[in-house]
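The following pair of complexes shares a single chain, chain A, combined with chain B in the former and chain C in the latter.
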Partner chain A sequence: MPDFGFGIHDDLMIDHDRLSLAYEAVLEEVPSISGCISCGSCSGTCVSSFQSGAGFRKLVMLLKNGSYEQLQQALDYCQFCGKCSLVCPRGINTRRAILEMRKQFKKQGDDMV
Partner chain B sequence: MTWFNVILILPFTLGLFILLAVLSVNYYQWFRALNPRNKLRLWKSLSRKEILSSITEIFRECLLHLRIYHQKRRLWYMHMSLAFGWFLLIVVGHVESVFNTGHILSSPWKSVFFDYFSRSQEVTGWHLQGFNHLMDLILLFILSGLFLAFYKRINSRSFGLKRRPLHNPHDRIAMLFLWFIFPMRFIAETLNHAFYGGGGFMTGFFGNLLTLPDNLNYLSDIAWIGYSISLGGFFVVLPWSRYMHILTEVPHILLKNAHVQAYQDKGCTEFSIHACSSCGICLDSCQMTNLDSCNGQSYYFIRKLRELSGVSENRMMNCLMCGRCSNDCPVQVDTLSIRMNERIRMNDDLAFDYSYLDQPGKKVPRARIAFFGGCMTQLVPGVKASMKKIFDFYEEDHVMIDETESICCGRPLFLSGQKKAYFEIMKYTRERILSCKPDLIITSCPICLTTFRNHYFFPVPVIHHTQYLESMISQGLLPPGQSDIKTVYHDPCELGRYLGIYSEPRRVLRNIVQLQNKAYKQNQGLCCGGSIADLEMDFEEKRSIAEDAIQQLIYPDTRLLATACPLCKITFATPNIIPVRDVAELYAEALTVTIPAREMAAKEAFLQN
Partner chain C sequence: MKKICFDCIIVGAGPAGLKAASILDNLGYAVCILEKEKIPGGKLNIWHELFPHHESAQAIREQMLAGTASPIRTSVTIKSISRTADGYCVKDRNEDEYCAPALLIATGFKPFDACQKEEYGYGIYENVITSVDLEQMFRQHRVVNASGEVPGKIAFIHCVGSRDIKVDSEFCSANCCITGIKQAIELKKMIPHLNIYCLYMDLRLGGRFFEDCYKTSQVKYKVQYIRGRLSETNENPDQTIILRYEDTLAGRPAKITVDMIVLLVGMHPDPSILNLLPEIDERVGSDGFFGTGRIDQTVQTMDDGLFFAGACTGPKSITQSTDEASEVAFKISHYLKNRVHTEMEDQHARLWIRHS
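Let's turn to the complex of A and B:
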């Protein structure tokens, strides 16, 4: 099969009425994350997105969907520079949100995955 | 000694004993917690010359509080009268007892309650009478300070403090005991002299005014017991209150003069946080004090560290780390290092993976000057383009390291407490910058510059772009154009307070615009509010700090705000009050000619010949 530069993941069952537990935990600490409109400004400016493919938009998506395994991997790439928070049109405190996500994984460890 | 004398001296002696016991246990533990290297440093600093300078500083700062004198005069008088006055009261009281008894060493209660023990004796000789007047003068001096302290609780604005520090219960109890000590002494001495005669110009005068029947002389004894209880009570609560600073300032000054830093040293941190007097001066310097929702100011942060409950994460992370508090601190507590310790303790073990940065095949072309913009410069392309234009004008052999693929210097990671991740990313960034084998590294971002200077240890000089531009001007290679735009320069925190670069950007600006010569003080610059150190503040709060800073910086006729930090530029541009430009952009605009500098110089020489 030719390489198109993107893949197709396995089937997902996502219930958009029920948010993932990790998302709710992060939302409690950083309420502004609820304002994310997935515009992609953050990923466009992200230092690590260019090389690793993981931007803040993707992190929020993975967090909402509860794809913890992928999220944990993508979180580790963040360099914390804060460019995403400067370009965010909704004024989301992105660095605090990412720190909170990292902490959630440290706290709950493998139970969550 | 009668049973009454025992009751009188018991509260004072017990309090003093508890104080000394707690102090010696605490100091021993904190000293043990010092890093071995810092212990050695402290030991080596105990030479005669350095001890002498430390003693001078202890006298100047612990007793006379001269650093407060330079900031707020009324507040200084209040602090100084209490500290220096009490010191004099102890010393002169002891000298008085030595003169009377002839013994140089005596029990502490003998000199503290001297007037009680000597009340039936006749005062003979002018010098003993002189002591009475002198002790009264000192008591009056302290009482005047106490009155100011009381008045400060009602109206702190008259002392130049915008906001009154809110004390916690232990501090209030200790303060109550302290406030009782000197009025109790005054009452005890006055009653003493009312019944037994004698006394100085104040207590003697008031004693003579009182005409009380002799059978009420137990009132005087009660007042003396009150004095003893307030002294003893104060000594007991002292180690758990902010008044611990009275004694801890001494080891703090010794450690400071031995160049022992609180960063990653538990012992020094303990000495530092207990040396903080909670005077509230840092609350005034903090730009976040104006925001109601912010509670992370150093005053509250350090006080929480002293308490058992510890600091909440919100308080720890809600700080711009601009350094204004530690700069204004009269005790010179290194608040930044202490906060960094806490952040590192909390977040150092978070996971990270930067293996994607490992690209050994990727090499930056070799050049003499390596220009590193940093993440924030990527968001203000004008600065990058201007630097390119300037390099081309001076025909410098340069390379833009992060023009297409940026990489972070790691300071944001460090400031959030993720020290291990920071050192990991530093490895890659250092390698990439040095891969072009430069002779000089220039950066336009003061945040990166701080990191490079503190931890990177490059084998070549690292300078800020304003320093480069200034060197060009001092070589005579200056741009010919000077505009008449009235401009105010803003000192970025990292460039000013952290690195002390003040004159270079100003010299550059004086050559290209009309720099409004504002009477600025070094290390008093304002933070733009956008600092990457703060992880709690939301967008609106950052903007309100930026607005407030702009209003303080500019004059009514100012047309432009110049800065030398890309992050400050972005933050100041957000409120849309005044145009904001970087020094590099203004410099590039002043280059009115398009041909390189060397060709221009050759042409000028040709024309002159």
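Let's turn to the complex of A and C:
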């Protein structure tokens, strides 16, 4: 294949026809995540959001939309401080949810979860 | 210490109480309104202009007061309410008694106590005020920050004390969105160079002409809307306020520094009347407001002469309050008429027995 000097990058369309199995699994453990209203209180107060650009709201969104690669990167930034659970107006157990997300994408040598 | 009898006693001389009174006395009933404040008018007394048409709260208050000829007793602190065979007896602190077969509760709402949201800094930082405080400033025609200077940047914070499990109020107050937009426009009219930012989660503008108000604020007054709920505030040495939140549309954490912030406080139920009528506990919803909120009339009316109208049955605008008050006034009239009929039937029945 000749090199034309440009490529076609991956399809960026979110496929809502496909079920996010990881989301279903996390939802089963932490049902309160279904109550997220995407207000962003969690991300605004997050100590790592300044580096990662993500907060709990974004994690849920990535999980729901099946953007697992981005999600795994973002999950690495969480310090489990729990500030997001303090400000959440829907009382979501955010820390537990992040823990469950990390379990879904458990990597070798990841002894934290 | 005296006892006076009426057809209906109304507790609360706000828009709902005054509207119900005007209809009932037009229908020929003797009505008495009891008000705890020094002057009648309810929350109209602490508001400057009303959404969505910027009408003067003072003028509307005068109009409503002119609409009723019923006596209004002000500065009344109710000591007890008792049920009697003839209806209700309301006793005030001076031991005066007001008795009537029908009692209408129109006690309105209580603005949310913003000190409960400690992370927003109300009561801690001087340049954090509430929408109620801002109305007070409008009434004095002077909007300045803590050091007496005209602000250059103001942020409105939506949903303070609404839709928030952390302060035990999960309902939407429904009127703060439009109040914020109305106040933003008023501010821009007063201070044309002012930059205004509204931090919202969802703009709930379901009322008639509310969307027009929103569009006017964007197009004519250049109010800027940022989608994100405030997470925390901090104060700079110069008393300006830094806000931290997520711009949820950009998906990134964000900050802004402003001279003042206005917290759009929600409408909360006022439970004070409940302490006097403990047996109506079952008529309080899970949100703390009176009534069932259902369409089905059979679960709504108890037929015991006790009625509720206005913002004590849920967050309402003035038009919604007066609409409900009119409907309830006719229910009261119906109740009073039925009562007279049954009394007469009872008397006839007794006569019948005696003569046979």
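Some notes on this structure:
We adopt the following convention: the second predicted complex is superposed on the first by the 88 of 113 C-alpha atoms of A that agree within 3 Å, B and C clash if a C-alpha of one lies under 4 Å from a C-alpha of the other, contacts with A are read in each partner's own complex, and residues count from 1 in each chain.
The rule is short, and it goes like this: a contact is a pair of C-beta atoms (placed from the backbone, for glycine too) under 8 Å apart; a residue touches a chain by one contact, two chains touch by 3 or more.
As the structure is a computational prediction, the values presented were derived from the model and not from experiment.
In the model built by aligning both structures on chain A, chain B fits alongside chain C without clashing.
Touch criterion met: A:V87 reaches chain B and chain C at once.
Of the two partner chains placed by superposition, only chain C is touched by A:I37; chain B is not. By the touch criterion stated above, A:T45 is placed in contact with chain B and with chain C alike. Once the two complexes are overlaid on the shared chain, A:G55 sits against chain C while remaining clear of chain B. By the touch criterion stated above, A:K64 is placed in contact with neither chain B nor chain C.
Of the two partner chains placed by superposition, only chain B is touched by A:Q73; chain C is not.
With both complexes superposed, B is the one of chain B and chain C in contact with more chain A residues.
In the composite built from the two structures, the nearest CA pair linking chain B and chain C is 6 Å apart. Residues 45, 50, 87, 91 of chain A lie in contact with chain B in one complex and with chain C in the other. Against chain C, the residues of chain A that register as touching in their complex are 37-46, 49-50, 53-55, 57-58, 87-91.
Contact residues on chain A toward chain B in their complex (touch as defined above): 32, 45, 47-48, 50-52, 72-73, 75-83, 86-87, 91, 93, 95-96, 99, 102-103, 105-106. Against chain A, the residues of chain B that register as touching in their complex are 317, 347, 349-354, 356-357, 375-376, 378-379, 405-408, 410, 412-413, 416, 418, 421, 425, 530, 532, 535-540, 567, 570.
Listed in rising order, the residues of chain C touching chain A in the complex are 119, 159, 163-166, 201-202, 227-232, 244-248, 251-254.
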